[in-house]
Amino acid sequence: MIAVLKPGTDKEQIDNLIEWFHSYGLRTNLSEGEFSTVIGLIGDVSRVDADLLESLEIVESVMRISEPFKKANRKFHPDATVVEVGDVRIGDGSFPIIAGPCSVESREQIVSVARSVKAAGASMLRGGAFKPRTSPYDFQGMKAEGLELLLEAKKETGLPIVTELMNAEHIPLFADVDVIQIGARNFQNFELLKEIGELRKPILLKRGISGTLKELLMSAEYIMAGGNDQVILCERGIRSYDSDYTRNVLDLSAVPVLRRLTHLPIIIDPSHATGHSYLVEPMSLAAAACGADGLIVEVHNDPQRAKCDGAQSLTPEQFAAMADKLRRVREAVGGPVV
Amino acid sequence: MIAVLKPGTDKEQIDNLIEWFHSYGLRTNLSEGEFSTVIGLIGDVSRVDADLLESLEIVESVMRISEPFKKANRKFHPDATVVEVGDVRIGDGSFPIIAGPCSVESREQIVSVARSVKAAGASMLRGGAFKPRTSPYDFQGMKAEGLELLLEAKKETGLPIVTELMNAEHIPLFADVDVIQIGARNFQNFELLKEIGELRKPILLKRGISGTLKELLMSAEYIMAGGNDQVILCERGIRSYDSDYTRNVLDLSAVPVLRRLTHLPIIIDPSHATGHSYLVEPMSLAAAACGADGLIVEVHNDPQRAKCDGAQSLTPEQFAAMADKLRRVREAVGGPVV
Amino acid sequence: MIAVLKPGTDKEQIDNLIEWFHSYGLRTNLSEGEFSTVIGLIGDVSRVDADLLESLEIVESVMRISEPFKKANRKFHPDATVVEVGDVRIGDGSFPIIAGPCSVESREQIVSVARSVKAAGASMLRGGAFKPRTSPYDFQGMKAEGLELLLEAKKETGLPIVTELMNAEHIPLFADVDVIQIGARNFQNFELLKEIGELRKPILLKRGISGTLKELLMSAEYIMAGGNDQVILCERGIRSYDSDYTRNVLDLSAVPVLRRLTHLPIIIDPSHATGHSYLVEPMSLAAAACGADGLIVEVHNDPQRAKCDGAQSLTPEQFAAMADKLRRVREAVGGPVV
Amino acid sequence: MIAVLKPGTDKEQIDNLIEWFHSYGLRTNLSEGEFSTVIGLIGDVSRVDADLLESLEIVESVMRISEPFKKANRKFHPDATVVEVGDVRIGDGSFPIIAGPCSVESREQIVSVARSVKAAGASMLRGGAFKPRTSPYDFQGMKAEGLELLLEAKKETGLPIVTELMNAEHIPLFADVDVIQIGARNFQNFELLKEIGELRKPILLKRGISGTLKELLMSAEYIMAGGNDQVILCERGIRSYDSDYTRNVLDLSAVPVLRRLTHLPIIIDPSHATGHSYLVEPMSLAAAACGADGLIVEVHNDPQRAKCDGAQSLTPEQFAAMADKLRRVREAVGGPVV
């Protein structure tokens, strides 16, 4: 951490500040420029409140030098993390696709979609049992029954299942779920993050609707601090000023940026990002081209009758056509781009 | 709800769509313009998925006519809700101030701040016992012990207390808390909202860091749907593209806008909105001038040694000086502005 | 246009409003629902101010049915516009790349870069002669001399040139320029747009730093209203709340969205969008995969000594390597995606 | 400027970098920490490209220490600038109000509004003659004729006039205009800023629709660099993700923030910020309470027939009522707040 002092700060004030730093067990390095004086802090600065320091009368500005995330930081763990889910490997240069409906609606529906997406090359099945809905009056999911139907679809097809957890009290119900998803609205529900940090099960962590990449990594850090390092990051569109034609803006540069910052795998959700099925294929191809580790895509057997998010769901036929193109793009870029 | 069809849609397609609406028990009104055809839906449209409807081949666009919030809607409840906390009334044209430190740090600290803010005219005491922190390595609050210290400060001063709940499992610990705060990061933690909807205790609901006003009202609706209608809304700054000089942008127009949309009281948090103590007074005066129902402000006896958010905390002296000016501004505008 | 009236509006008020519409030469269609009354307007509504209408006491909300852009609208011009620049065709399914330095700095520099990018497959040369800089103290470009050097580079290599115009008074100097660029900061400089609408020369119009897609199309409409329909749209990153790691957020879904809305070609500028050279290749590959009509990319012979934007410039070697991968991705997606 | 190097950078690389800095005539100060090495640059760093420096292989991050604006910087000019327009003084602790219609529409209209707002206490008259409109098909103002009518209204009432300039070629027409306004869409039209920097006439510079405060000050710097230091800054609402109920978000904390950063006066435009007349009074009162130097407000004699922006215009009666309340709030806060 570096503190830049205001011009005209006198020696006594500087000495007091340095003494204050020493009281935290830090060493300091003083550099006096023509226009300003700079104090570099050496040692464990995690106990210094940078905002507070910056608010001091004599301090002009403060710069953190090291990133606040440690376990998720590629600097300290140069090798890519590969998350294993059954036979599926996420982060090893392959490009697994998680596909399925927004919500589990019936046994017939989920098994039928599972079969279709498996035939088209999907590696895992997604489906919501507990649904976060903006309105308390909207369909909230089939809950425990939905989880059971997902497990039946898994038994029928062999596809591992991915589904969202909203409440730590439900964790026992998720014992046989393969990957637990934490949704955008809970990405800073720190109490929930701590609880799943205690599990030893892969977590799919979605970026918050206006989460920064640093915040996403800090939320991953919450999970990893508990000992669970099987975290898959997911970019799913961020809020912008323009929502005339898309629900959110898909931030694909997050893929190569996160690749540098962290060793964790990064997948893309083009369905929630855009909110429109006609945008899912072009955005999926773009994700494959820029080096994402996989996709999570909504597929429904009958989008016009879906209980939620029908507008953004592909039909199984559209999904199969897209999967073909994705394979060709992956071959063209020769595996991971970055 | 109104659906506008694409030009060139033929009669059979229109008839099919109308039949589909009728299958939901809706009546329809058809209007054929020179350039487009419009279908108005009459009846309970809450089961129609507007996004899905808009994605149909023949549909150009869809407009909701009625707001999705009901219990929070001023249209259906024209009289202002007044939330009562002991002798304090929020929403009746008075301007109560909730003040106190970011975190409870010790008995001495919280009691001392409580006495200072009471003397300066504060009506309630705030203080964090459970703290949401971006980093798992930051101070997370004194937890249950912090709640006890808050209650002691209440006993000493008579000030009702306001403190944040992050986990439904902690609700029993909050039995003697006067107002439960739901923080910005949990404003769409629907599971938590449902739980506090079962309580019969005032809730201070903060707007999410990029929450729309409609989403804020839908989250209030979650609480009210459970039967708890003692909800106080709180604007606390929203995320913008410019964070060079302030943490967030305080959206003061939310006050008169919400005043029209809802009967619930609206207070302002200038401390978290700006992140800098020198901005708290001017933003508080602005809030008073534009008709807010009150404030929640951070005050610390020794900001430079605060365990969190010292940079945005007022000293008791600064708070007392501000409280004086607030009174004058309130007199000038003659109570509620709108 | 559709106006939804507030519940409880009485017949006389409705009659007055309808009379007001008739005074604009509009026909009306009245639909009375259980909860609200809707008036559809038929005829030329362009003279009705929708905001004003919405502000009337008795009006709940107003919806435009037709898009405000006409000449740029694919609805009225279904065939894609192909802009021809010498032998280069933009919008025909090929994928031309415009490459070159941020600024022209010397004869040697611009000719050398031009040769390198031509050898690697670029179709046109970019280079700034007049530079928009945030600070008045920064290098503002070589101006008229820079234009002459660009023309020399064109003579040497045959590459058509693309360069930015900031001031209508400079138009005579641009007589031999092949494509005139309008930068993000001037995308709503309507006076300049009107002037270039009078030209008969291709225009590369960049989206404003926080421009909506609708505004971009309205700015294209300004140019086309003057009779110049050779407009190339360019997405170059939009402002977001997260600028820790990228200058802007590249909104790639703009490509398939604009494809639906307009017949004009759409290219991507990955250099200004991201601000970092290591992000240019992955974002370019993504642009190719999702169906963009081309790229505009910064390439500099010696980025570390560039007079501006060195941080985002590729070396000629990096550019050549990227061009190879782009060809493979284009083959994989089989030309235009959407 | 400070450069932080990556861990593991070897001595030779550091020496090369330091040599490079010396070649710019800079002195350096080296500080080696446990985890990183920091180089402080002493001297004139304006020629160093911070982005480029940050992109170097061995550099972790770079921090500017001094603000890039000089003439607008309060640090170098501690006394507040007072802009004088006839008898009106902006920035001296008084609170002048500029009022008038969006557009000049006729002699009768502008003279009538001018008389009304003067009677209610306005100090200056606003009115658009040249209008920036998103659509080329919308009313573009009365142009030169509109300027003449404004001058007639000035002759009738004595009110100085404020009107927008969009094109440097029109400057001769503005010879008798008292204050030239630069609108939000031209706030980074650097060519126009340079031209008005040559004038010796007050400039009202509006913040761009997504301009940062730093950019606003850099645009003021463009004007001041030409020798014209009579610049009035204007906050008029910024673009956000939530436009359900307001056009923009009024960023009132800009007032106290700019007060610290610059000596230039700061006024507020509540009409364009909100887009709704019912929000103008509460936001104006808030502006007065938080220390703004004045207002610019839209007033129209017959908003329902205004040629533009009728939805946000006050009637003369509403304006007069608001002006009374503003006086009381200004008395309450005792002049400038900060």
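Letters are used for the chains, namely A, B, C and D, taken in the order the chains are written, and counting of residues starts over at 1 for each.
We adopt the following convention: a contact is a pair of C-beta atoms (placed from the backbone, for glycine too) under 8 Å apart; a residue touches a chain by one contact, two chains touch by 3 or more.
Worth saying up front: this structure is predicted, and the values here are computed from it rather than measured.
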| item | value |
| --- | --- |
| Chain of greatest Cα-centre distance to chain C | B |
| Interface with more contacting C-beta pairs, comparing B-C to C-D | C-D |
| Averaged-CA centre spacing for the pair chain D and chain C, given as whole angstrom | 26 |
| For chain A paired with chain C, centre-to-centre distance based on mean C-alpha positions, whole Å | 31 |
| Inter-centroid spacing, chain C versus chain B (mean Cα positions, whole Å) | 38 |
| Junction residues of chain B - those touching two or more other chains | 210, 239-241 |
| Contact set on chain D toward chain B in their complex | 210, 212-214, 238, 240-242, 244-246, 249-253, 255-257, 260-261, 273-274, 278-279, 281-283, 285-291, 325, 328-329, 331-333, 337-338 |
| Chain A - residues contacting chain D, complex | 2, 4, 7, 29, 31-36, 38, 40-43, 60-61, 63, 65-66, 75, 210, 239-241, 243 |
| Of chain C, residues touching chain D in the complex | 46, 49, 51-52, 54-56, 68, 132-137, 166-169, 185-186, 188-191, 194, 209-210, 215, 218, 221-222, 225, 239, 275-277, 303-304, 306, 308-312 |
